[in-house]
Every structure is written in C-alpha cells, then in structure tokens.
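Both complexes below contain subunit A, partnered by subunit B and then by subunit C.
The block that comes next holds the complex of A and B.
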C-alpha cells in the first residue's frame, strides 16, 4: 500500500540533507569526493529492496557533470525518505536521473535545493510525481498544478521569453527611430 | 517624430534601373519645390508577394452573411503564435475584446508579428486630424498593396494603368500650408511616376506652374481629400485623368458631379484608414462596397463588443489585413455605419462622421483641418474642440495641463487671420467625451 506523506514533511526531510551529500563528486577512483554513481546505484537498490540489482546507471556524454551529479546526490538523500521505499522497480528511476534532473541541475545552484523552500518543494514534487505518489491532503490536479507553478524549467523559459520579448521591443523601437524607416513610409503617399 | 530622408534612390527603387523619369520629374523647370524623397523599396520577393496579393483580390471569396471568413481560424491561430498583444486572445472570435487606437498608439511594438523582418519596417505618423497622432508600422509589401487595391476598383470599370516607365501613373494632390511633397516611381506599375504635390502656391516658383506641371505629365489617376480635389478644380489644369479618387472624408454628390464634369472621368470615394489602408469604395451616394476579402468587417455596438443586427448602425470594426507589422483583430475604427449585403456582397451604408468640416480663413479661403491639427500639435493639448460659426467667428475649447492662452490665440490667429473673432475656453479637466479632437462648422459646401 502506498505510504502517505505531506509535502511539508518531505520538504523538511530534504532540507535536513547532510552536508556530505553536497560534497564535490569524485574525479577518479582515488579521489576523496563522493562517488556519485555508486551512491545512486546503492540508494536505488536500497529503496527497492533489491541488493543484488546490477549497476543501473552509467554516465556518458559531457565531461563536466558536477552540477548534475551534485543534484543526484541530493536526490539520493531525498529518496531515503520512507515514502519512496518500494515505490516501484529501481529501473523506473533511471529516466528521472538522466532526464529531468539533468535538465534542472544547471539552472539552479545545488545548495538551493536544500536551503530554498520553493526549490526543496520542487524537488519533493518532482520525486513524488515520478513515483506517482500524491501528497496527503492534495489530489492529482492540485499536485500537478502546484508542481507546474514552481517548475524551474518553465520559470526559466518564461524568463527567457520575457528577455527575448524585451530585446525585440528594443529593436523595434530602435528601428522606428531609424532614418530609413521614417522615410520610406511615405512611399506612394497615402490615398 | 517627423519623417526624414535616409535612403539613396537605388535603395528606394531596388528593381528599377531606369531613373530618368524620376530625375525629369524632380528637375522640371515647372516642378514644385519638392521637400522629400521616397520610394517603395520593393525587392524581387516583395514584388512577387504583391502579385500574389493582387491575384488573391480576384480569387478569394468574401464571407457570407452571418458567417466568419474561411481564413479566420488560421489567422487567429497565427496571431496568437506571432503577435505579443494577441497571445491570449483565444480562438472564439466573438469573445475577443475589441481594440482601440490608443492601445496601438501606446505600444505599437506589441502588434508586430515575430516573423516580421525589422529591416523592412516603415513608419508612418498619422496626421491626427481628429485624434492624437500615431505611428503606424508597415512593410513595403503591405504598403505597396494599396495599388492592387486601387486597380481592383478601377478594373470593374475597365480602367487600367498603362504601366509605362516614362508616364506619371498617380498624383496625390494636397492643399495644405505645408506637407511632404516628392516625386517617386512605382515598381508595381513598371517604373511609372508617382507624385505628391501641394497646391499651395507658396510651394511653387510661380502659381501658374501648378497647371503647367500637371498638364505636362497628365497623371492617369488623381487622388486626394475632397478639399484638395476642390482646390484642384479651382486651379483648373487642363488634364484628362482616367479617374479621380477621393478619400479621408466623404465626397458629397455635388462635389463628385463637379469633378466629373470638369475632368471628364469617374470619381471614386474611398473609405480607408491609415491603420489598414483601403476598406471600401463608393461610386454612388451612401453606399460603400467592401473591396478586400482578407479584411473582415463587422458592425459592433459602441458600448459592448457585440454585433448589432444586420442593417443597424454601429461602429465599423475590422479584422485581418496583410500587414505583419500591424495585423488587426477586432479593431474599432471610430467610424459608424451599417452593413448590408447587396447581391450577396457586403456594403457599408449610412457611413457617418466623415463629412468634410469646412473652415474658412478671414479672407474666405479654405483652411484644411489637417493644418489646424498640425499647428495645434505643437502646443501640449490633451484635446480640443473647434467650431466655426456662419459669421466665421470661432469657439475654441481646449483641455490639458499648463495651457497658455496667449500661445493658443497666436496659433489660431496665424491660421485664420488676426481679425477673426475668437472665444476661447481652457480647462485642466477633460470632458467626458472620448473624442480628443472635434471639429464642427456651420459653413457648408453649398454656401461656397
């Protein structure tokens, strides 16, 4: 049976994240940093009660994944909350790590996920949504609306659109003042 | 901001190699003192679009009574995707709030489509005869489409441009204290000449040059507002235009007959707006036939965004057009008429509020209201009303902050004459009427 959790409870849990989860990822076998992939695979085995599951997550692509890996580490802490125990097969979590978390990791300073109330809520809701768990006291629509309202990707898109619109406005106003635009409008005069 | 010259002739006419006519028109010994230069800036792609537009005028059907045009859904979808001001208009046409001129005047950039190329932008500042001046943005294609619109009107009467490079196709006639004047060419009309002249004798070396110049180039089509066309009738050049086109104000039947008799050609009265150019044409009193299937016209109640019953008078409201810098969605024109379908074709009837308001100077010469608006625009007025009584005396009411009675009086006396009686009322608060500028006169055409 699905366990119940209020959103504030999970936010509180995320904000209690031990500082070790925010340490820099290890750069090699002998580095003192966090071995992120090992951590992720361990937490997935742990919450799915499948200690013998083979390594699920590997990394390809760009060399510097510091931001992505540090957010993965924070997620590992978040997923240690009991609400996620047995919330589905381990493999279901893989697209989250390689997809949505990757997308937002570079848009938000990692520490904010555990210090900023809204970012902690966003992370909580991303994880709950991925596990198809509805926070206690909400229904599916409210939960989806709330996540939508604080979605970093959407927020950044709006900011970018606003910035582009402002640039366009400035350019139109500059062109309106340009000599060429002022002259040519009188071609053929006005009927 | 006033227009300024900013292009070379090559930039003005990218597709016209032979500029001899242009030079001849400018350098003619009888030419007026042209004070401006202008060109259509049509390149190959632009010219092709004008051709497409011309074909669409012949082939695109008008909407049926009680129905929206077939293109409306696509157009609204395009507006939502392209135009910042229309992003949230939704797809239910009747639910879209109407748009008024001050909204566009305040933020013209919000109405520019994302796909519009800013290097193509043209800016036209309206004279603001009856409202505050406004910058209207356009591109060379939508600007040039005035000519196909005109051709579609003329061709119904089998009138066609010769499209010859060494002829003057169109002469825009003005009669104002001052206005922009220039000689130009039309790429669409095969390099034929386009003139804009001011009949004010001060613009010419000799007053008789007005006739000499017009007779020498004998323009195929003469256009102008009724004041200017009357003035031309008084100047009386011996020219035989193929047609005359009156716009800006209603051309009354008496004036139409006078012009037809004197110049021996049909006279068309066009209903047009700076914001979207031509809308309808009248060849008979009180009925204007819509000419553009891509410009939907509805008649709305002045108080709500609801259409009045067919045949009832309401505010003319337009949607569509082909200007990517100002696509219009439910734009209230400020003009009132009824819409009737005559043989299935939409026509505007009972068009109100466009009667020429005749002002006379102390010496009983015409004074174009445009000149009054121009002169008063230099004074910071929020709005004004001007009424001329039969005895030529004036009643002037203005409102705005920090009005200077002396400066306003000087301006009006310079326009009308020092001895004209003037009664002036100034106030800070504006009256409840939404109209910022209102002209009325007890003088009519018949008296003149």
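The block that comes next holds the complex of A and C.
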C-alpha cells in the first residue's frame, strides 16, 4: 500500500472539477453532450500509461443512465490526480464503475459530489480504497472507519429503515402543533 | 491530543493571570483589529451567578459585547489549560454566531419553527448549532485544538443522552477524529447517519449559517421530544451553554414579527431531503407541492404566519420568541412592538416641510449697529436717538435691517384622533392571536402621531369595563399599550365613553373613529337614567369633536339600515367591513386620507 496524498488534498482536487465534466452525457453518436464511455476509457488508458489498450468499459442495453454516467465523468476528473497514476492495472477499475459508483450515483445529485465537502470526501475515499491507497496521516482502520461513517449507501439504508419512526415523529409534530393552536384558540378565542 | 493536567488545580490568582494574559492572543486569533473589552472575570461561582452565568464556565452577553468567565468552575472542571480555546470560542459568538441580537433572533425563529410543539428546546438547539459553527472554524481554519477541550470535558463523565452522542459524533466527522474519540464508541447506525447529515449541514451552511439552522434543528428534533430526555440533555450541556442568556438587557430588535418567506425554505428535514433528492426518486415535483420534508409538508395548513400578506407570526408566538431571547422584557412592550412592526411599512410618510417662495415684499426686521464706513443712508437716526441722545459713531448708531418676505402657506394642523375599539367578548385577544381591529387602530394612531396629531385610545367592552389613555397624548408606547390590552367583557363599544372630559374640553378639532360591530346599535338604543339615549351622546360627541366621525362596522349594510341612516344624519360616516382583513385596507385608506402629507406642510382635512 502506498501513502501519497492527504484526504484534504484529494477533496480539494475533486472540488476543482471543471463544469464540462458535469455536462449531460451524449445520447448518440452525433449528440453534443459528453461521450462518457470514451472519456472513461481514455482516462483509464492515461492513468495506466497504456495508450493502445483496447476499449475496457462497454455498456449494454438502452436504459437511462444519466446519473451513473455523470458520476463516471466526475470520477474521470478525480482519477486525473497523480496519486492514481500507476495505482494498478486499468482493468481493476472496471468493477468500480459498474458496481459501487452505479449504486451511489442514484442516491446523490451529481453536483453534490463536487460541491458538498462530505460527498467529495466520500468519492475520494471510495477511489483511494479501491486503489488500496491509504491517505497520509491515517491508518487502514481509520481510513475504513471514515469511509464507513460517510457511506451514502449505508446512510440511505439507515434512513429508510428509520423512516417509519420519522413518520411517527412527524405525526407527533403535527399533533403538537395542532394542539397548541387549539389551546390558543380556546383560551382566547371568541365567546 | 489531550493535555496533561497536574493533580491539583492552580490557585485562582494564577488562573486569572494566565487567562488575562491569553485574552489579547484570543482576540488576535480572530482579527488583529478586533476590539472587545476584557471579560468579566468572576473569581467565585457565586459572583458568576450574580453576573448571570448559571452552570457554564463562560458565556456572552450581546449587550455591551461582554464575556463573563467563572474561574472557579474553570478550576473545578480543570479546563484552566484551555484558556485560548475557551476565550476564542466566546469571541466567536460575538464575531461569527450569533454576532448580534438581530441574527440571534433570526436563529431562534428558525429553530423554533423547526421544533414545532417543543419550542422550549430552541435555546439549547440554537446554542449547540452556534457552538458547532464556531468550533469548526476554530479547529479547521484557525488551527485550534478544540477536540482536546471537548475530549477533556467528555472525560469528566458529561453526556450519556443520544443527543449528546449525536452532537459529539458530528465533531468526530467534521474533524476526522477516530470513532469514539468524543462519542466514547457508543454511536450506532442511526446516530451515525444523523451525524453525517449534521456535519453536511454544518459544512454547507458555514457561511450562510442562518439558512442551515432549520435543518439542524430538524435533525435534533427526535432526540428532544421527550421531556425527560430534554431535561437530562439540559443537565449534560449545562457546562457548554453560553449564549442562552445572550440577549439579556439588550434592546429589542425591530422587525422580528415578520417571517421572511425564505425562512420556510430552510425548515427542511435533511433525512427526508436526501431521500427525495436522490436522482432515482420516483415522486416527481409538481408546482405547488410542498418542498420535501419542509414545515408545510409536515404540517399541512400550518398556521405559522398571519397578518397582512400572511407575513407575520402570531403575537403569542412572537412574545414567546422574544422572551427566549430577552427573558426580562415587559409583555406590554413586546406586544406594542409586535403591532408596530406589522404596521410600520404601511404608515404614512413623515411630513416634509417645503420652503415657500419669495413674495417680493421687503419687511423691516429690527436694527443692527451702524459702523463708520457703512453707507450713510443706512443710518437710522430715529433708532440711534432712541438709544442715546449723544451720538457716538459705531457705538450708539443703528441701522435698520430688512428681509424679503417668504410666502408661508397656511399651516393646517392635522385633526386629533379619538380611536375607540370594541373589546367585548366577540373580539380576539390581540396578545395571543392576530387582531385586525387592533392592527387597524395601531396603523391610524401611529400615522396620526407621526404627523404631529394627538391621539386618545379607548378600549371598551360594555357593559363591563373599559381602558383609555390619559387624554389626547403623543406617547406612542402608551397608545399601543391601551390598544393591545384585552378586556373581553360586555357586547359592544360603550358609547358613554364619548362623554369623556377630554373630548368635552377639546380645543382642537378631533376626528372620532370607532371600530365595532352591529351590536353597537343595541348599545346606541340603550336607555339612560337621564332620559337620553346613547344616540344623543353620539350626536353631542360628534358636534363637540368638530372633526367628524367614522364608525367602522363589522357587519353588512342591509342589517340595520334605519339605525345606520339615523347616524348618517347626525354626520357619522359609516364604513362596513364583512371580512376582518378589510379593516386593514380601510385603515390604510383612512390614514392616507387624513394624515398623508402631499409634499407641503399641510395635512389633508376631510
């Protein structure tokens, strides 16, 4: 495992993401949007210094993948940080794109990955963890715990699970507010 | 990261010297140009209590930008080595959050809206939010080791409630501390998720912190519902409570009765927000649909705002809010301030005095000394001889002074105003729920006072009781005090009130304005012991006042046409309103007609 970058440095890099990486993906050959797959394959070739590698990532099916592809685009920017150069073979990144990134992309607005500090940190830690890089000043346990603490997938599951309790809370709020209004009206209202 | 502390705390004098020495450094940390007076150092807890400090070891007061430090508690809690962190934190309250009374009131307003039904918890939540913002700035931007201070306090065994653990977990996430560093490894998935959202709110709203207050309070809400938990949390956070008395003794901030529409946008539950904002969320937003997790979504038809354009909080809520900021303030003053805030945007403008044009006439204006060298023809021999029969040039000699006449238009005085408000049982208590009649009364009264008229206000619910100012006065607070009081007796405005000696002896023309409902006709027809009816009293009062009279009736014109006609023949103008809101429109029109200056020094007479 290599230690080469502080987490704040990588967060800063992600937050500097140029707006072009957030543009909508192209829907066809002649569309003006970003050709996401080309971008991803290019960045994988670039970070592995293998410009002649054949296309690594392909997508089948015609489902709307806007959210997923936009996050892929942001990831391409994040992966352009030097810490990821020679961080392993290009093929190792494929499961990340088609797995974890796909999962979180549907839970968070794409812009949040570059504007919200915590989401930027999560993305940084996902990438570092996938490349088995430990941020400078941390050890493996702390790095894993931090990622666990800000993990969107886990948080969403917890929120979904506690939603019933939240709904009960909201019902209590509604009743309390209604009771307060009634009491005010009864005490001082019309005769 | 923790600091070594010796077995025995140092002597109080040594602690005092060390903290006094640290104060300039703490100021320097924020800004070298910041100038705050030195804190009030209390050597004993008794002394600190007297200064208003309860259980904490430091606090701020916005009035006079004061910091109070209890050095005895500092020793007891063994935080004597954290002078820089503690003092810099308190300075942060003066410079960052809440910084001033207006923002403190705004913070409390947002937190209270989020804590619907448990608003008494608002000071605690506001304090926690403010502390987080300041500590995060000190730790991450200014390089202060706030984590050690909290770790030290945590080791003192403070904090077992879930809200305490949640709060500490937020710090752990914000500052990338190992799990359990502050929360003692007692966190659980729900606390983790909420803390993550809390940290997100803190980071996202670090600059526009007022906008994040509602979200933070929404996160804290489930942890504070139960009274017992709230009480325990109050005990656990007692040492950290340093702004709950910040507003004591300060002037009331103006304009707080209004709830800006943007405030509601910030009362959002972040848990609900992340679920709804996920790109794959199925529910489509539609126009008019309440924002996810927002107050209006949670409490449909919530009666959070009232008054003109539905922009104001209820007066009872306003009083509660201001009492949380300023516990000692008098309720009469608060209610007066509330209605004043509501009507101020609608008052007539201050009259403007325009200079008249020169008429061309030259008028003598007395004499000045005549000096040798002045034109001889200016010498006024008659005035000089009157001063002394012996003429000494430059000493006894006078010259006449002339000035050109300025055409002063006739300066009419605005009519004085008698405002009578029906405060019988059919009226709302203006101190608890918004009262349109009182609002209308306040609008016309303050407009009249603004242009220099005198006002006499009378509340009457008769038979029963009444309340009035001591004659025609110019004191705004006194007029508002009467208007905003509540009687709730009888059935109508008492017409015999118009027999007041202040109207009988009125030297200036006065307009009578009475706001009541159709029960007034029963009052008018009521027989009196002297054989007259109240119709006669109304007629005599109108004649004596000399400035006309307006009767605003919350009724329909067709209900008592004959009685109304009788009043009209006396000279009363009758204005019907069927909706209380219309009273406000009437008041605006009335104030404009009677008291709006038209760019010259006169005020219109009807």
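Here is the rule we use: the second predicted complex is superposed on the first by the 158 of 191 C-alpha atoms of A that agree within 3 Å, B and C clash if a C-alpha of one lies under 4 Å from a C-alpha of the other, contacts with A are read in each partner's own complex, and residues count from 1 in each chain.
Throughout what follows, a residue touches a chain if its C-beta (ideal position, glycine included) is under 8 Å from a C-beta of that chain, and two chains touch if they have at least 3 such contacts.
Nothing here was measured: the structure is a model prediction, and the numbers come from that model.
When the two structures are aligned on the shared chain, A:172 is found in touch with subunit B and with subunit C. More residues of subunit A are touched by C (comparison of subunit B with subunit C).
Of the two partner chains placed by the overlay, only subunit C lies in contact with A:116; subunit B stays clear of it.
Within subunit A, the residues touching subunit B in one complex and subunit C in the other are 165, 169, 172-173, 175-181, 184-185, 187-191.
Put simply, subunit A touches subunit B in their complex at residues 165, 168-169, 171-173, 175-191.
Note for the complex: subunit A touches subunit C at residues 7, 66-67, 105-110, 116-118, 142, 145-146, 149-150, 154-156, 158-160, 162-163, 165-166, 169-170, 172-181, 184-185, 187-191.
Residues 116-118, 172-173, 176, 178-179, 189-190, 192-193, 195-197, 199-200, 203-204, 221-222, 225, 269, 271-272, 274-275, 277-280, 298-299, 302-303, 314, 316, 425-429, 431-433, 486, 488 of subunit C are the ones touching subunit A in the complex. The touching residues of subunit B, counted against subunit A in their complex, run 1-7, 11-12, 36-41, 84, 108-110, 112, 114, 118-119, 121-125, 135-138, 140, 143-144, 146-147, 150, 170, 172, 180, 182, 184, 186, 194, 196, 223, 245, 247, 270, 272, 274, 277-278.
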